[in-house]
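These are the structures, in structure tokens.
Presented sequentially are two complexes of chain A, the first with chain B as partner and the second with chain C.
Entry: the complex of A and B
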């Protein structure tokens, strides 16, 4: 899948999970860049991505995600 | 007269009960209780504070702001009301008013640490990290050694590390008020990546805070969880079977600020880091139990892969029986690297020794609430070098 499409889908997930429809995450942003972007939100974001694309992140995938850009990379790698 | 006395006595009891209901996020019950006093005791600051807290808990921040203003008209230096009013004002977009309120209060009570703890995060998010550091520096210079604002510094450190990179924080903090110097270790690693290689399994949150202190926020099942050794062994023995079942969880607000997750199968208690004002209790419970299933899966996978160093920290000198039982269960799940860390005043804090092929020990001279992060750093570096560094066991 095209990286831009992944980014757009993830942005929708962020809007839903963070309840922040106007928030535009950029690749370098990390947890805390929005007040609702907490570690608990991170779990929900990862779960939502798993449900949307039908795969499971490995522990190493999860540990490697620190920023929004890392998450795009992790999804892109999963989708091949 | 009797009736009046009974009314007053009942009122005080209800205030106490109302505080408890709000602390436990039982907003509907609190609302019903406070409704009894609609139109009564208009000058009672305690009642006004409960009404304001109720509105805040129900996330009606416009109403909360108006009600906190009433509290402050009755009790101008109520620090809780000042702090929560600042939060309310921020939530409704009146950020300047929030800062002005806190600055006025601090002008009247310059040595109040709680006010400083409310003030600095506002400065950080509204005026930037350099300004927050400048305020902190000024406080350190102004105060004596008996009243250092260390808790406020910790709040700034946590918020700064969640918003900025380590390099950005260091650049803004040349005097190292946030105590970040020494982060870079040898062999091309830094402490942030070293701390991320560890998986905490008990007995409380101290290692989770040590990770946070070094700017790493890994997702881990037991990072903020308290569990007794016996229950931990029981959990591991059954591969955490049933730990994802939503029916075993309820939430509580024991601290008055944060939802706590109370679990009944293995009697664990977990910090959630989520404020009771952020979302309703029922919605939060749904979300957090979903999280437990995800983190359980990750925990078992980490154990099976055998790459991480599992850290068991105890506030007492560990016995061989306790360590062996834990090691047996962890090894059965696939863990190959175990670090036991104990409070032991008979040894120098921060020391480390290898005691078996898969086992190492670390020693602390102090534990929570007097955590010595430099001791944790030395133990983590030594354990990382031993288990994962050059020449480490496979």
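Entry: the complex of A and C
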């Protein structure tokens, strides 16, 4: 899947989970970049991505996810 | 240049680690951020830290602060401090700089370990009387950080007790999930390293995904706070049978309920669950209760009986404040004579720590925690037990997620969203006097603090806007 498309889908997930429809995450942003982007919200974002694309992250997959850009990479890797 | 103590001079708490570095040098001591560090390398790194500290002028009893971000070098840093005879002082990774400054000033730390750098800082030299160990800072009821000093002798007694009851085997994989400024993290680390096991660090940024790490890393032993279990169950991360390798789970830090036991048993059918109890002042945990019976979802699991050589005593007839005694008791709070006089008392020539917990003794199960005495408030002239109010609300809500706070002269209860609040309130009104029925505020998520416990302060901020 195209990275731009993954980014757009993830942005929708962020809007829903953070209840922040105007929030535009950029690749370098990390947890805390939005006040609602807490560690609990982070779990929901990961789980929402799993549900949307029908895969499951392993601990090794999420180990490298520190930023929004890393998350795009992790999803792209799972989707091959 | 002075050198670190020889192996023969090492404190017995630490002496097993260099043995493992010789007898099983290639076994992984630490798995952290994708890096696997063998016992040989781990010990060598810790010795290097000790060497550098001694080279900078550290003498026994000097305080050494370190940034407690859970990265590979952090673990060899703190071990190096102990090898050198110092007292380590973690600066919590989520704490603001002002708190770090307050801790540095109060502890009088003379050295600071930042990343892999080791520097001498403005501080107070050791007086030669302070034994090696650590000082952990708790929040303190006044908001001023309060340092609890724990010695290596305290720790040795704790570990010898726990190892006899709940042993680990060399090479087994043990979870490291807790913030290093929380004393149970010491329990995770040294129990693993003394056994020659592998300590597997679940990174802070993903700590709430712990079931995935436990499954993928084949974790055998873990120490968990009930709120971490609840949150994982809420997010459907605790699937039935998903953690078959887990054989021992130590629960503690908060009241363990029947629901938490049920959720863990379903996910980890082969695990023995043990409820451990103990404040920082009594070195990690002082009592234990192997959970074999079933408990109703909202029922609290007993805290059981003291570890060998320790004492739990009720200050009263059947119900009263729980007092703790024995060799695990801390020397006291760091430079707080008034707090020491208030909390560390003597009864018939025996030293005890006053927990501030209300408890009773049950001949079948041992000690049973009832409530925190400092959660008794007075509102508009009425004395109210917040723990009691929470218990009633939880029973009527059919959910454990109900947390009561005081906002001005109003009681507010943050409660799990999606429940019939009118029914819950009606149920509470049937049992509680009207002045102790709280306003119910539904919440979708309940924040945890760095120790993995429910964060009442943050809940207050959320429900009071």
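By our rule, the second predicted complex is superposed on the first by the 80 of 80 C-alpha atoms of A that agree within 3 Å, B and C clash if a C-alpha of one lies under 4 Å from a C-alpha of the other, contacts with A are read in each partner's own complex, and residues count from 1 in each chain.
One rule holds for everything that comes next: contacts are C-beta pairs under 8 Å (C-beta built on N, C-alpha and C of every residue); 3 or more make two chains touch, one makes a residue touch a chain.
Given the structure is predicted, the values throughout are model-derived calculations rather than measurements.
J.: Is A:47 contacted by the first partner chain B, the second partner chain C, both or neither?
T.: A:47: touches chain B and chain C.
J.: Between chain B and chain C, whom does A:8 touch in the aligned arrangement: first, second, both, or neither?
T.: A:8 sits against neither chain B nor chain C.
J.: Kindly classify A:36 by the partners it touches after superposition: chain B alone (first), chain C alone (second), both, or neither?
T.: first
J.: Which partner does A:62 contact after superposing on A: first (chain B), second (chain C), both, neither?
T.: both
J.: Which residues would you name on chain A as touching chain B in one complex and chain C in the other?
T.: 31, 38-40, 42-44, 46-47, 58-60, 62-63
J.: Provide the residue numbers of chain A that touch chain B in the complex, in ascending order.
T.: Those in contact with chain B are residues 30-33, 36, 38-40, 42-44, 46-47, 56, 58-60, 62-63.
J.: Can you list the residues on chain A that touch chain C in the complex?
T.: 31, 38-44, 46-47, 57-60, 62-63, 65-66
J.: Enumerate the contact residues on chain B facing chain A in the complex.
T.: Its residues touching chain A are 159, 162-163, 196, 217-219, 272-274, 278, 287-288, 290-291, 294-295, 297-298, 301-302, 305.
J.: Which bits of chain C are touching chain A when the two form their complex?
T.: 33-34, 202-203, 205-209, 212-213, 215-217, 231, 235-237, 445, 447-448
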